[in-house]
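Notes follow once the structure below has been shown.
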């Protein structure tokens, strides 16, 4: 089955990004396809590669980047939400790209299921 | 299959669970995740919210969130099923659509 | 990398956008509205629901000058021009707040929680913000 | 002067206002800001929360937030005083300490 | 630019840290604890309050392996070593959750809402997260 | 009177930063001193100078920067919270600096009143 995922919150402050990541990993582990993860609202902050958590904490930005590149997931950051919050191309980790909200609607159309994680 | 509703807010702090339970139709499923897992506990001031719709809805709670919060040994409301992330994926796949109550 | 191996041309799904938050206290109302406009541009079957504090998004007479924020409530009146015509408000939420449809910036269909739940269960995609 | 309590959450969605009102001591002040301004409205399902402590506490509501939300003409609970940002500063200065309920 | 025109040397104020949020669902509990540790290092008169879902921060038996987050509850047991000894839990919050002091990782003083309100009103600075 | 301000949320997502800004401006207008504004939790995202809201929207990052530099307010971003969220020196607008949580406690000690704005 093909899943689309919407992440509405940034890393650390809310558990949303953690839960979405665990969900995506589990879906792939079960042989499903995660076509696209769309980052909206503060979710765009998951795409700031300068993020540097303490050594004993998880690094959500790096985890998403790795999962995306290893499994061909399209990691899309909403351009309008990102502009507001100062997430620009220079900050993007590998596997992320900036595009329009249309990519979220398209994910809703193309996916068998769209799952939302937020606050 | 009907809808899967996910809820991620503590029923002690917000009215999110109440809103979900007001709208969820008979036969659908409710999965409590993140801070909403407190809603699955027996013997609290809000246990009745879940218990009173137990016959019409199927309730699930995310085990990793239960364990993180030190509730691994806590008594859950009768009829609530503990699931892991893999089961969460299965639940999404088995239901026609998922709605996130946040 | 791009997820373009699926042809979505001509596919129309039922998209429901559920608004449960008050305006201005958080950005979800504004950014949620932006989602609705894009879904309409993709010619999907769009429904927009206002329940809980989301009904306050439609309150007439918003004046944001003193908080220095953008008043986006006029955009709800423009939805019609984007062919977004299915606007639903939950009756219970409206009543709890002492509001009636006359207090709102646009005509809406008022549905009970029971009716709204039925409509929700018919959707392909439910977006929340 | 005793404490100033600020509250910024809608009383319809969270229990924040209830917690503030459970702890606020007689003689202190409560300022409703941001989404908490809905708690100052008369004729709603939650109006009683503020009304029942009106004799013991002094209630204020932030006018700019009232106006932004289209409540400029709405009827407020009797006894609630509308203030602006300057008055907010005065209230903080006049009370010994401020506690933010969020 | 630096706000160093005030000499704070030797000044001791009553700082209260009010924790009202559950752990892990948000970072406020963890980052709130970091505030407490620093206040103690500045040798202030520190009180820490757990009320509403904040009482869950102290629940015994937290195991965060499966959520891949750091279990910070052992740090509460270390507070004593930082001379943070005034830990208060609201009785009403504890009871609503079916909990007793035996369920918590550290010994605490249980106060009623009324008593806690009195203590709050005596503080110089109240920090919330 | 001397005020200290704590901002716990980033720009746009929550009104906290807006309200704190209006409060600070009003305090200065009344002749008070705002000694320090401390940015904690997601509040550190107020210090991302790449933020570029739409032309008809307020730019909170620029507003804080201007208020701080014009009135000698010490705008301090918590280093630990900033590291987690990828706010580094290169991203700081004029008037902001990164330092430790001790600066918040010090503001609590040095100020006549400390006011908290968050979610």
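A, B, C, D, E and F label the chains in the order they appear, each numbered from 1.
The rule is short, and it goes like this: a contact is a pair of C-beta atoms (placed from the backbone, for glycine too) under 8 Å apart; a residue touches a chain by one contact, two chains touch by 3 or more.
Because the structure is predicted, anything quoted here is derived from the model rather than measured.
Asks: Where the centre means the average of the CA atoms, what chain is farthest from subunit D?
Replies: A
Asks: Could you please state the distance in Å, as a whole number, between where the Cα atoms of subunit C are centred and where those of subunit E are centred?
Replies: 39
Asks: Provide the C-alpha centroid distance between subunit A and subunit C, rounded to the nearest whole angstrom.
Replies: Comparing mean C-alpha positions, subunit C is 24 Å from subunit A.
Asks: In whole angstrom, what separates the CA-based centres of subunit A and subunit F?
Replies: Roughly 28 Å, centre to centre.
Asks: Provide the C-alpha centroid distance between subunit B and subunit D, rounded to the nearest whole angstrom.
Replies: It comes to 33 Å between the two C-alpha centres.
Asks: Residue numbers in subunit D touching 2 or more other chains?
Replies: Residues 8, 12-13, 15, 34-35, 64, 84, 97-100, 102 of subunit D touch two or more partner chains.
Asks: For subunit A, write out the residues touching at least two other chains, lowest number first.
Replies: 8, 12-13, 15, 22, 41, 54, 57, 80, 114, 116, 118-119
Asks: For subunit C, which residues are shared contacts with two or more other chains?
Replies: 20, 24-27, 52, 67, 69, 124-126, 128
Asks: What are all the touching pairs of chains?
Replies: Inter-chain contacts occur between A-B, A-C, A-E, A-F, B-C, B-D, B-E, C-D, C-F, D-E, D-F, E-F.
Asks: In their complex, what parts of subunit C are in touch with subunit B?
Replies: Going by the criterion above, the answer is residues 18, 20, 51-52, 92, 113, 116-118, 120-121, 123-126, 128.
Asks: Taking the complex as given, what residues does subunit D use to touch subunit F?
Replies: 6, 8, 33-35, 64, 84-86, 88-90, 92-93, 97-100, 102
Asks: Inside the complex, what are the residues of subunit F that reach subunit D?
Replies: Against subunit D, subunit F makes touches at 1, 3, 8, 15-16, 19, 22-23, 25-27, 29-30, 32, 112-119.
Asks: Under the stated contact criterion, what part of subunit E meets subunit F in this complex?
Replies: For this pair, the touching residues of subunit E are 1-3, 6, 8, 11, 13, 15, 27-28, 31, 34-35, 38-39, 41-42, 44, 124-129.
Asks: Which residues of subunit A touch subunit E once you look at their complex with the stated criterion?
Replies: The contact residues of subunit A facing subunit E are 12-15, 18, 22, 54, 56-58, 119.
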